[in-house]
Amino acid sequence: MRTSRLEAFSDGVLAIIITIMVLELKVPEDHHIHDLVRTTGLGLLSYLLSFIYVGIYWNNHHHMFHVVRRVSGGVLWANLALLLCLSLFPFTTAWVDESRLARDPVVLYGLNFLAAAIAYFILQKVIIRAEGPDSALRRALGTDFKGKASPVVYLIGIIAALTLGTAGVVIALASYVVVAIVWIVPDRRIARLVDESEQG
Amino acid sequence: MRTSRLEAFSDGVLAIIITIMVLELKVPEDHHIHDLVRTTGLGLLSYLLSFIYVGIYWNNHHHMFHVVRRVSGGVLWANLALLLCLSLFPFTTAWVDESRLARDPVVLYGLNFLAAAIAYFILQKVIIRAEGPDSALRRALGTDFKGKASPVVYLIGIIAALTLGTAGVVIALASYVVVAIVWIVPDRRIARLVDESEQG
Amino acid sequence: MRTSRLEAFSDGVLAIIITIMVLELKVPEDHHIHDLVRTTGLGLLSYLLSFIYVGIYWNNHHHMFHVVRRVSGGVLWANLALLLCLSLFPFTTAWVDESRLARDPVVLYGLNFLAAAIAYFILQKVIIRAEGPDSALRRALGTDFKGKASPVVYLIGIIAALTLGTAGVVIALASYVVVAIVWIVPDRRIARLVDESEQG
Amino acid sequence: MRTSRLEAFSDGVLAIIITIMVLELKVPEDHHIHDLVRTTGLGLLSYLLSFIYVGIYWNNHHHMFHVVRRVSGGVLWANLALLLCLSLFPFTTAWVDESRLARDPVVLYGLNFLAAAIAYFILQKVIIRAEGPDSALRRALGTDFKGKASPVVYLIGIIAALTLGTAGVVIALASYVVVAIVWIVPDRRIARLVDESEQG
């Protein structure tokens, strides 16, 4: 099986996820810019964060499958599990927004990030196993420090929110933002490998 | 006619179906995790089941068209009929969820599964007829036990729901889950044929 | 410019149009099958009709661009005008449904069909002019009887609805259904040309 | 990295943006055509304007990436920033419509156009820098008069709306319409270059 149709389907799902979140944004009842800031400001910020996260996943997914040559049945299902986790972002984002950053929605938002990170990790493992000992992806990933550190950062944020009250919620949100910033840099390891394989 | 554009269009429709179901999920009014479980828990479970079903159909569709070389007008329409059945999943899923598993919505949900299974069966037949006596798909399908057994299992569930009261509804839901589990295993017959044709 | 990206974008828009109409379907408040028939039955029928229409347009679009080799700026805009007309189907369908087949919504529904037919006709003309005297599409279309007769049938239906009261509304709806049935047969003229060009 | 998957993803997002705006259109409560004009007329006009804008961006994006051969990580992110700006159109369009052309929503609408124009400009710059001194896109763009003039026209409209009361709002809306008309003509400079490179 080639990867083209899996990539096309994933592109479609990610394109929809990243776009339908805007449907959750409530148009302000009143017509002044301060109404917008008051009623929709938080929604716009959480939309922005979730947009960036889906963008990061699309970006890394794009880089990863650039190296992958063939997909197995296991890869199809691991990929669907990742898409399932990401498809819940519009829901968890809306709850965070409507609850005005209440504790439980912020924790659930973090669990959603955590689930997506774990699903992505499993997808990598399934691909590497399907490719065998010469896996180009495994060489490209190296130690995969970012992939392993992100779930830990989410967990710290989630635990802080559960134990430290309002300060914990702030720490949790900060941890989600920090991971996003770290990942906005695309995966240079894979990019480098692609460059080398095309030059060599 | 090549299959590429039919696959792209089907991918688009399936990607949208699998994603817009999340728009039906209601954000809880209150901000505690037990509100989520109480108001949205059932919705999340039925979302999960429908997501898995659409995933199964995408998966099998992907495998099937990997073997198909050309499409006729009949194949285009049989494929659209399948997409029509699948496009009703967000609606039937939402009714099951909002009625808290009432009998009639659960029966309709089953009829939707049944209609999709029959549409898929017809699509296979139309492709095989268009391909003629040497159809690679026919060889790949063999006895097609799963494809023939699934509608029977749905029917048993539907009849149980219609005749046995609450216990019947449970049997119906169990039958839908059982068929999903059986199908999560991708169609190894076609996968094997693909492998052979690429090695041989 | 090749046609591939225009086709991909059109596929995306058509896939979304055909799928989001299901979001307009209201889940019945009550949980019995006769509630579904009473509250959503009409919606399901109009959904079915609009689904078939979008399917017909996708089908014919698919056949048409199979013959087209290159697109110009004019083709891009004529194609967008067609997509604009089709994108209004979810809106006009919802009004027909919610008004329980009132006269004005049925007329507007017909005007939407008419606008889409005219936009498709213009798209054909723009492509043929861009291809020059040896246009494969012009040869394939021949007299284009169906393309020219459909707007006339819509117009008859619209005028009937505007002048004949309830009977006129029935005639209008019948005219939309009749055109759909005529078009469900894909454009065999183009299919034949494709076959010939591949054999010859 | 080839451009195909970036184009496919962008096509998906643009197809969704252009289509979901129709979901914001409210079906009139009453069933007469004058109710439609009164309640939805403005919505249809703003839908039309936003549809044309997304169409223009798709068109120029299509032309631009026809010349681009390879994408870097920076191009992926600049492209996502453009998609983010465009994805807010359904929201800002809905506010303009629901507020019946109140000043602040019209200003925000203009800021959205301005943000998209700036994001497009940055995307061009990032591509040209990635392509190096022989950039085909830079030669194709020439002085890029339209690209540089559009933000100025938006700014004039925005400032007029902020300072001149109702007349200023009209000027702002006129400025958005004028830019749309200017851009409906696709980028002939790039089209010409494509033609030349294929002939030469």
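By letter and in written order, the chains are A, B, C and D; residue numbering begins at 1 in each of them.
Throughout what follows, a residue touches a chain if its C-beta (ideal position, glycine included) is under 8 Å from a C-beta of that chain, and two chains touch if they have at least 3 such contacts.
Everything numeric here is computed off the predicted structure, so don't read it as measured data.
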{"item": "Cα superposition angle of subunit B on its copy subunit C, in degrees to the nearest 5", "value": "90"}
{"item": "Copies subunit D and subunit A - interface residue numbers shared by over half, same or different", "value": "different"}
{"item": "Between subunit A and subunit D, centroid-to-centroid distance (C-alpha), Å", "value": "27"}
{"item": "For subunit B paired with subunit D, centre-to-centre distance based on mean C-alpha positions, whole Å", "value": "38"}
{"item": "Contacts with two or more other chains, residues of subunit B listed in rising order", "value": "8, 12, 15-16, 20, 23"}
{"item": "Subunit C partner contacts - residues on subunit D that touch it in the complex", "value": "7-8, 11-12, 14-16, 18-20, 22-23, 25, 27-28, 31-33, 36, 48, 51, 55, 58-59, 62-63, 66, 184-186, 188, 191, 194"}
{"item": "Sites on subunit C touched by subunit D in the complex", "value": "1, 5-6, 8-9, 12-13, 15-17, 20, 23, 73, 76-77, 80, 83-84, 87-88, 90-91, 94-95, 98-99, 102-105, 107-108"}
